[in-house]
Each structure stands twice: as structure tokens, then as C-alpha cells.
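Below are two complexes that have chain A in common, paired first with chain B and then with chain C.
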Partner chain A sequence: MTARTVVLGPLNRVEGDLEFRMVVEDGVIRDLHTEAVMFRGWEIILKDKDPWLPITVTPRACGICGISHIMCAVKAVDSASGNGLQGTDLPPQALLVRNIIAATESYMSGMRHHWLLFAPDLCNPRYADSPYYPEILARLAPLHGSSYRASVAWSKKAVEVTAIFAGQQPHPAAIVPGGVTTSPGLQDITKSLGIWRDVTEHFTENIVLRGSVERYLEIDSWEAFQKWMGEGEHEDGDLGLFVKFALHHGLDKIGRGLDRFLSWPCYEYPSGTYWNPGGLYHGAWKYDGTYEPPGSNLKAFQGRVTEDITHSYFEGTGAAHPWKGTTVPVQNVEPGVKHSWAKAPRFDGKPAEVGALARMLTRGDKLIRDMERKLGPSVFLRQFARIHELIISTPVIADWLRQVDPRGPFYVPTPRKVADGEYWGWHEAHRGALCHWVVYKDNKVVNYQIIAPTTWNVGPQDGADQYGAIASACMDCPADDLENPVEVFHALRSFDPCLVCTVHVVDRDRTISRFRLSP
Partner chain B sequence: MSINVFWIQAQACSGNTMSLLNAEEPDLCQFIDEYGINLLFHPSLSPVWGPELVRLVDDLSSGRVPLDVLIVEGAVPDGPDGTGRFNTFAGRPMKEVIQKLAAVAGYTVAVGDCATHGGIPAMRPNPTGAMGLTYQNTKPGGLLGQHYRSRAGLPVINLPGCPAHPDWMLHTLMALAEGRADQIQLDQYNRPLMFYGVTTHTGCPNNEYYDHRIATREFTQKGCLFLRKGCHGPRTQSDCNLRLWNRQSSKTRVGSPCLGCTTIGWPDAVYSEQKPFYSQPFLTPMTEGYKVLPYLLQKFFGGLAAPSHLTERAKATSPALGTRRS
Partner chain C sequence: MATPLADRFAALRAAFLTSLEGCAEIIRPEAARPLLEEFGAFLDASELAPEQLSAEVLEFYLYACARDGAGTAALEERILALKALFAWAAHTKAAPDLAAGLAPLTRRGAALAELIYHRWPPAGPVFVPLNLD
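Up next, the complex of A and B:
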């Protein structure tokens, strides 16, 4: 059988414009490259502008997790303005309110990703014979399913809390160097607690779990989870239904990916610890299950990031740290050795997967670590970890709300003058590790580089021909049905790819990455 | 009767889509049901993709399938070198796809700043040649030109804002669905007056402080943000402070200055390195149309008349300010 080139696109339900080009032979994907088809030139716009401008401009790269961009941009300015590295010298209440604003938006994003972007694929006609199909359709059919609608209703309720502290969502302006602009009153706190209780009860407990969050939090292993499934109505909740469906249709065996996970420390506590400690995790499925925390030298940890341009349409070859990296487009944009407008982000020279699964594994979540060890990473585990994170963060956000003290302080007066030098700001967007790198000189932006989560996941090969996470995951998918390659879609969407966010990767010839999947 | 709606994203961040999902009364799903909205395509919400989508665009462009409402989110790039290939759709330049669809659309709606006038992608030096449907920054023209009229005889309905409020989008669509397009009054920039007919300042809870010139000197402290924190509220047309965002709040309600994002040409129309966001005070006159001397006198006497209880209340209701460690 001869190889066939198949173009999948324009794709929908990924945030941003994306097309896939695959070479398929005998039902096996031999070659695949993703083409993001939109370029805006963010870094060019920021060059030579005032050092606070990225706080307004960078979140507009992405209307879904814009607050994650604000967090990164602000932390870089804080570091350069004498507010401590990443703003850690700021008053505890300022950090707390920032965390609430960011976490509630991320919560919304998780809900919308699973129910609006990922789950509609479970309604694919491929599954028409599934014993679960009628129930799947009733709940997850786009625009009409009961859970689809509930996720629209309750995700917008969740961001009402974001708005109470930040004024609006999307695109608030309340997070500034020095803290936040807001001075929440007691009534704001009580109102938020009321809203959060409603979200917890009506969505998390009644729809996702069909049981209590409290009981769910006791689960610490895959066996304990299965035991939980057998209790009461748990297996009929959206989580239970997804688990039954995914295992029945083998979603736990496709889209395994790299099994190497990266996450940035974020959601700072005044004690210098983090709700999400971040770090590097080598999965137990393929590696040895070792976790490396970022340690006390955070600068050294981020310093291990490089961007490889061997296969990218930029002058030069090899890899460099974002502060040192150059972005000089080549004149000849014919695909060859260089075939992508993306740089390939690497950590210690190797690719990594980022996202909710990476956060849960690096933070040592017992259930997710156990599942990764026993089942391996997969489309199923990636989605499971996303829902799991929503559930376990529900009481954390309520706790944070209870800790807000209207007396403040929420802000430290911060001069607009930044110190010359190289800075970075990191945070976890819902879809994974986000970091801004900036160089300031004479109170102006000299260089601004963003590595968005999707860049990590969708990036191309590097000089050592190592695949990125999405390419790797797609290798595990059959491609028998080219008219309806639902497995490839599952694998792609399980990463929650956000092309609008992949700010500097794209371009002219539209190829952002090209993966050679098998020799 | 059903209404065919096609939503296309060009150089967009999905912010307006996310905003639309926050809509209340009606909820987006309810609206689609009740008004028989046939959402032919939306990049985040539709099951349609690939060859079927390309066919659909062809059918719409050729008139085989009627297009009642075209909604554009995102700026449209002209570059590189006038090819428009910085953004493509199924291999074709996005600008050509949108031109073809706009030519057959019953109504064309630009949601957000990017689709209206280019927004942030069009910010100096505008590396991709980004523009909106009828403006490029403050310059009339854009992709479709000022003389564009949709099949129903209307100009592009502009709903600027970064993002647009869900009500601005949904109630415009509802008015169209109710057959009341002729009752949508538009201002000189073709923004519906029902949303853009007041200043953002209207309804701001800091108005008393504004009237008596009591300024917020540091964030979180109660006072007016216009005087020292660069709030664009009194110079910006929107009903953010009447309608509220997410049913709860607005920028100025949480001490954030209005950034002026419903202004045609934002951000370059209001931003410069000499006048960055969050800082620069505005002097006079506020906007065209103000009489400078009476305005100054009014401000002067307003300040003189500041009642002492107002200053005291500002102090009593403000949280502590942090101090720097060093």
C-alpha cells in the first residue's frame, strides 16, 4: 500500500487555528505535522515599549487563560521592581487575592475544556454501538447535552468570583506590580463563598461526582477509586461515566506521549511554598517515577530551559536559553532541514509534557501517581487528571476565600522604574506551564519571549530528532479511518492545545511543527 | 424559521467567545434553541471541521446556503506583502474568505476590538498589517471599507471592547433575530448606542470622589482613578458600570483604571510611551466638545467644595498599604 498524505483541517474545538498534515501508510501514521495558521507578532509589538505594557498586552494573546499571562508578566515586573523574586516579598493578602483570581479562571477553563472541547468527541458516530452511547449523547452532545449546558452555566458562575476580585473576566486589569488594585470588603468575601458553595454543590458534587467532595478526597489509589465507583451513585456521575466509557473503548491505551512531565511552581504562599510546587517528573510507566523539585535556586531551574531552532525557520542552529535566543527569520522558507516557525522548547535538552497531568504528578498527588504507575499515561489519564484537579481544588479555593482579610494590605506602592536586567515570570495556565522571559534596559522592554504550554506540547523536533509531546502521543493512535480519525482527535484534544497562545511560533508557510513519527 | 449564523475567528484570542459563554438572560445555549439559531460554524463550539467546513464556506460564498449573520472575531492581516497569508483558512488567505462571506451576509457583526479596528495586533509597528473590518486603528477603511453594506443594507455593526461584553453581542443578535435591526441606533463608529451611548464613567461608584477631586494616589485606596491612575472612564463610551461584568463588577469597582478599550483604535489611540496605562493623569480638556475654562472652573470649585466626610470615608474604607522590605 502506498503512503497517502492526508490533511486534517481546518480543525475545530482547539483554541486557535490548526491544521494537521499526516502521511499514513497501512493505518499507521508515518509522518505528521501540525500547522498553526495564524501569526500576530506579539514580541515585535512589545519591543522598546514601557515595562508595564506586557501586563496589558500579553493576556490578550489568549482570552481563555489571559490571567495566567498577567501573572507571568506581573511577576517579571515585580522581580525587577524590588518586590522579591516573582513578587514573593509582597504582603500575604496580595498573593492570596492573586491566587484566587488566577485559580478561579483556571477552574472555568478546565470545565470548558473537558465538556465543551474534549467531550463532544465521545459523541462521535464511531461509538454509536457503545452501551454508553445514549447516555453520552444525552449529557455531552454539543449545545444540547445536559452536562454540556451545565458546564456552560457553572463555568460562568465560577468566574463571577474572578470578577468580584478582579472586576471582570475575560481580561481584567486588577493584578499589578505590587499586588492587586482591589480592596475586597467582607461582603465580597461572603458573596464569593456563596457562589463557590453553589458551584461545588450543583456542579462538582451533583454532576461530576454524584457524591461528596469530602469522600472523594479520601481516595488515594486506583483500587480505592474503583471501590469509590462501586458506592452509591458514583459511577453515574460524569466522572464515573467518563471512566467507564474510556476504559471500555481503550482510551487508557492510546496517546501515551513522552512520560516526562514539567510544571512551574505557582500559587505562592507567604511561607515561600506553593500550592503547585512544580518540578520535573519522570513517569513510572516508562521511567523510574522520580520527582525533582525546583529546589531553592529557582533561577537555576528555569535556566535549564532552552529553545532549539535546528528545524525552525530562524538563522542558526542548536539551542539557547530564551534570554539569549535570537529570532532572525531565514530568507529561504522552503521546507527542508528547517521546516517550522516554532522553536522547540526543551528542559535539560529533552522535550516534556505540560498540563494538568504534569501538575498532579509533580505535586505528588497519590491517586494520579498511582494511576500513572499502574495504567501509564494516556488520553484517559490526561483527561482524568484534569477533572481530578477541578475536584481537589474546589475546597482549596474555598479555603483561600476564607483567609481574605479586608484590612489588607493588598498592595505595596511600587515605582514604575524597573532595574535593568534579565527576568522571568512563571505560572501554570490551565493547559500547562507558561513562562515569560524579559530583558529590560533603560526602563524599556528590549526582548520579550513567551513559551506557552502549547509550545511545549506541540513543538517540533530538535537537533537530536526528539519528538514533542503531541507528536509522541499521536504515534500511539491508529489511523484506520481517515475520514474520521477520532483517536487522533482524542490524543490532540487531551492536551487542550491552545494555538492562540502559542504566540511566537507561527507563520508564513504556516508550518509550526513537523514530526517524523516513524523512520 | 431558522437563522444561519457563521462565526469566524481571524487573529483572535478567543476572548470574545469566552465572554459570550458568560452570557446570562439568555444563556447562550438557550438563545440558540429559542431563536432557532442555526450555528453553521463556530471554531470552539461546532462539530463541523475539515472538508465539510470548506464545502460549507463555498456554499455560503456562492449563495447556495443563505448566510443570515456573519460574526467576525479577530483582526485580519494584510501581510506579508499584501498576501494576507499571516492568517489562512483551509489554505486561503483569511482576508479573502471574510470578504467573500461579507459580500453575501445579511448582517455582518464585528465582535471585539480586533475585528472592529485591529486591536492589539494592529499596535505599532503592526508587524502583520492587521486591520478590522471597517477601521485600521483610527483610520476608516479596513478590510471591507466604510461604504460596505450588508445584504440587509446595514454597515458592519461594530461591538468593540477587549473583550466585548456578552450582552453587547447577544442582545445585538437577539435584536436581529427579533427582526428589529432597523431599531438598532448606531453612533458615528457604527456602535449600537444602546451599549455605547454613555461613558464608562456613568455609574462608577467613585463618582463622588471624581466630583470633588479626591484622587486614588495608591492602588487599593478609595478615591477617583481618573486623577492620578490614568483611568479612561470619562473619555470612553461603554455601559460597563451600568451593566456590570459577570453580573458582579467592573474594572473601576475593583480599583482598576478603565483602559479605554471600547475606543476606536485602542490601544494606540489612547496609549503611548509618554502616556502609559495605569499612570498618567489627564489634564484638560477631557475630550472634544468640552469648554476648557468652564470645565476647569467646575473642577476647581468641585475640589474646593469637597466635604470633609468624604475624605474621612475614603480613609476609613481603604485597606492598609504595604511597605517595601528594603
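Up next, the complex of A and C:
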């Protein structure tokens, strides 16, 4: 049979546009190019601007992960303003409130990813003969399913806590160099605790687990999880239903990907430690299960990042560290050697997967590490890890809320002038590792480069023809039915690709509009 | 033996609950009684002097309930019970309205708070924040 080139797109359900150009032969994907089809121009907008401007501008890259961008932009300024590397010298209450704001936004995003963006594919007609199909439709059918609708309502409740501490959501401006501008009162904390109790009880326990979070936290291995599934009504919860469905339909055997994971340290504690210490994890399924923490030399750790533009619509070729990176669009955007507006990030010159699974593995989560070792990475494990992270972070956020002290302080005055030099601000957006790299000179931005989570996952192959995480995962999938390649959809959407902060706007055939950004 | 503050609050509570009998259109005495008894026990345990009872004590009590795991509904019924008691107390000049600054948590709670202040009008305007739930 002859090879056939197939273009699939637009593929992602959230923001931005993504296309696949696949070469398929005998139901097997022989080659796959990911194509981010819009131009990202944040770096150009920010050049020569005030160092504080990215704090306002970059969160507008996205209405979903805006707080993650604010965190990165602010941490870079904190580092250059005497507030400690990544702002770790700030008052403990300031760090705590930042964590609450960011974690509750991420929680909302996680709920919406599984129930609104990933789960609709489980309702695909391909599964009409599945013994689980009636229940899947009853719970997960878009707009109608009971859990689908509950996730809309409860993710909104979760993000109310974000708004209480950040003043508004989306696009809050409460996180600033020096801390936060909000000083929560006792009634704010009381209301937030009440909301969080509701989210925990009504969504996490009643819908997801059909059991207590406390009992779930005792699970430390795949065998212990299976035992838990057999207890009470656990297997009837949404997590139980997903596990039964995924194993029955082989989602644990497709979309394996790179088995090499990266996350940045996130959710700082005053002691200088992190809820997730971040780092690099080589999976035990394909490699040796070694974990490399960032260690004490964080600057050296981030220094191992490069972005390759060999196959990206930017002038030049090869790879450079973001501080040395350039963003000069090419004029000819017809797909060829260059075929994507996303760059190809690399760590030690190699691609890596980022996201909830990466966070759980670098954090040393016993259950997820055990599952990765025994089952290998897959669509199933990637999605399981995302739900797992939601569950285990529920009591963490409640604990942070209990620690808020209205007496503060929540802010230290910070000068408007930054020190010249190279800085970075990193955080874990829900979709994975996000980092802003910036060079300041004479209190202006000389270079600003953002590597968003989806850039890591969806970026094209590099100069050494190494594929990114999504391309690798999708090439593991069968492609028998090119009219409805549901396995490819599962693999792709298990990463929750969101292109809006990976790229920005362009039209291949005409100029949409011209804007003058500076005199 | 209860503290003087707890004793005085118990007397206030009893008079309030008695006043509700026959006019329970806003809050039923049998619903309010356990909630106010719980607050009385909190005051007793706090060992505060009567002159130390303040709006901040009410806020802290609700915060303690939330820390102990109360959800929005459980907190809201406590807020409304306290608002009703202290609105009645201020109206009858038995005590100042220490609960006027407690913000209801939900839209429904805000509407019920308006009804409370309609039943026992305050001396001055009371701002009831409208929360969007």
C-alpha cells in the first residue's frame, strides 16, 4: 500500500490552532509533523519596553493560565530587584497567597482539561459497543453529561477562591514584585475555606472518588490502587470509570511518548523548598528511573535549556539558550523544512515531556512512579496523573488556606529599577513547565523569551530530527480509520495542548491588520 | 460554671428565641437554637469578658468553624443566625449589632439578610454585600 499524507486540524479544543501532517502507511503513522499555524509575537512586543510591562502583558497570552505567566514575569523582576532568586526572600505570607492564587487557578484548569477537553473523546462513536458506553455518555457527553456539567459548576467554584485572593479572575493583577497587593481578611479566608470544603466534598469525593480523599492518599502503589478500586463504591466514581474504560480499550498502551520528563520547581515555601521540587526524570519503563533534582544551582539547571528553530518559521537555524534566542519571523511560511510557528525546546539537547505526569514523577509521587514503572507512560497514565494531582492537591490547598494570617505582611516595597543582567522566572502552569527568560539593560527589556508548556510538548523536530513529546506519543498510535483517528485524538489531548501562549496571530494569505506599538 | 459572657449570651439567646415564637417567618427557633448554643459554647470556652465581645470575635468564630471543615451552607446558616440575633438585639436595644459586618456567602444568604434587616430595622444603614454564587 502506498504512503498517504494526511493533514488533521484544527485539533486542540482549548485555544490556538494545531495541525498534524502525518504520513500513514498500512494503518501505521510513519512520520508526523506538528504544525502550530499561528505566529507568536510576545517577544517582539516586549523588546525595549519597561521591565515591569511583561507583568501586565504576558498574562494576556492566555485567559486560562494567565496567573502562571504573571508568576513567571514577576519572579524575573523579583530576582532583579533584591527580593531573592525567584522571590524566595519575600515575606512567607506573600509566598503563601501567591501559591493559593496559582494553585486554585491550576486546579480549575485541571478539572476543565479532563472533563471538558479530554473526556469528550471517550464518547466517540467508535466506542458505541463498549460495555461502559451508556455510563460514559450519561456522565461525560458534552453539555449534557452529569459530570461534564458538574465540572463546569465546580471549577467555577474553585476559581472563586482565586478571585477572593487575587481580586478578579481571569487576568488578576494582584501578584506584583514584592509580594501581593491583596491583604485577605478573616472573612475572606473563612469564605475560601467554606468553598474549598464544598469543592472537596461535592466534587472530589462524591463525583471523582466516591470515597474520601483521606483514604485515597494512603494509596502508594498500583496494587494498592487496584485494592482501593474494589472497596465500597470507588470503582463507580469518575476516576474508577475512567480507569475501567481506559484499561478495557487499551489506552494504557498508546501514546507512550518520550518517557523523559521535565518540570520546574513550583509553589515555594519560605524555607526555600518547594511543593514540587521540579527536575528531570528519566522514566523507569524505557530508561532507568533516575531523577535529577535542580539542586542548589538553579541557574545552572535552567542553563541546560535551548530552543531549536531549524524547523520553525524563524530566521536562522540550530539551537540557542533563550537568553541568546531570537524571534524573527521568516517571510515565506509555506510548509517545508520549516513548518511550525512553535520552536523546539530541548533540555541537554533532548526533548522532554512536561505536564501533570512530569510533575508527579519529579515530585516522587509513589503511586505514579510505580505505575510508570509497571505500566509505562501512556494516554491512560498521563490522564490518570492529571486527575491524581487534582485529588492530592485538594488537602494541600486547604492547608495553605488555614495558614493565611491576616496580619501579613504580604508585600515589601520594591524599587521600579531592575539590575542589569540575565534573569528567569519559572512556574508550573497546569499544562506544564512555563518559563520566561529576560535580559535587562538600562532598566529596559533587551530580550524576552517565553517557553510555554505546549511549546515543549508540541514543538517540531529539531536539527537532529528528534521529535517532540506529542509527535512521539501520536506516532505510537494506530491510524486505521483516518476519518476518525480517535487514538491520535486521545494521545494528543492527553497533553492538553493549548497553543495560545505557544503562538500568536498571523494569516498566511493576507495581512489582518497593522498596529503601531511604539512611536 | 459558665463564664459571665456565656451567661449573658445565654440570656440574650433565650430572649431572642422566645421572641421568634409566633413570628418564625424568617428564621425558625428550632433551627436557630443549636447554632446559637454552639456559639455560646465557643464564647464559654474563649473565657472572654463580656466587654470583649466584638465583631471580630464573631468573625473569628466563623473562621474557626471553617477551619474545622464547615462548608458554605453550614457557615451561611451560622452567619444568618448570628445576624438575626444581633439585629433583633440592636432593634430592642439589648445589645449592639455586632453581626452587621458579617458578609453572607451566597446570593441567597444576602437576600435572607435583607429580610432580617427588614424584620428588625437597624438604626443606621447596613451594607449587605451581594456575593455571586
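As a convention for this text, the second predicted complex is superposed on the first by the 479 of 519 C-alpha atoms of A that agree within 3 Å, B and C clash if a C-alpha of one lies under 4 Å from a C-alpha of the other, contacts with A are read in each partner's own complex, and residues count from 1 in each chain.
The rule is simple: a contact is a pair of C-beta atoms (placed from the backbone, for glycine too) under 8 Å apart; a residue touches a chain by one contact, two chains touch by 3 or more.
Just so it is clear, the model here is predicted, and its values are computed rather than measured.
Once the two complexes are overlaid on the shared chain, A:Ile189 sits against chain C while remaining clear of chain B. Contact with chain B, but none with chain C, is seen for A:Val180 once the two complexes are overlaid on the shared chain.
Which of chain B and chain C touches more residues of chain A: that partner is B. In the superposed model, A:Ile29 makes contact with neither chain B nor chain C. When the two structures are aligned on the shared chain, A:Ser155 is found in touch with chain B, with no touch to chain C. When the shared chain is aligned, no partner comes close enough to touch A:Ile100: not chain B, not chain C. On chain A, the patch touched by chain B and the patch touched by chain C overlap at residues 185, 191.
Those residues of chain B whose C-beta lies close enough to touch chain A in the complex are 9-19, 21-24, 27-29, 32-33, 39, 41, 43-50, 53-54, 75, 77, 80, 85-90, 94, 119-121, 123-128, 130, 162-163, 218-222, 240, 245-257, 259, 267, 271, 273, 276-279, 317-326. Touching chain C in their complex are the following residues of chain A: 185-187, 189-191, 193-195, 197-198, 201, 402. Across the complex, chain A meets chain B through its residues 8-13, 15-17, 19, 37-41, 44-45, 49-50, 52-53, 55-57, 60-64, 66, 82-84, 89-91, 93-94, 112, 116-117, 120, 123, 142-144, 148-149, 152-153, 155-156, 159-160, 162-174, 176, 178-183, 185, 191, 406-414, 416, 500, 507-508, 510.
Residues 56, 59-60, 62-63, 65-67, 69-76, 102-103, 105, 131 of chain C touch chain A in their complex.
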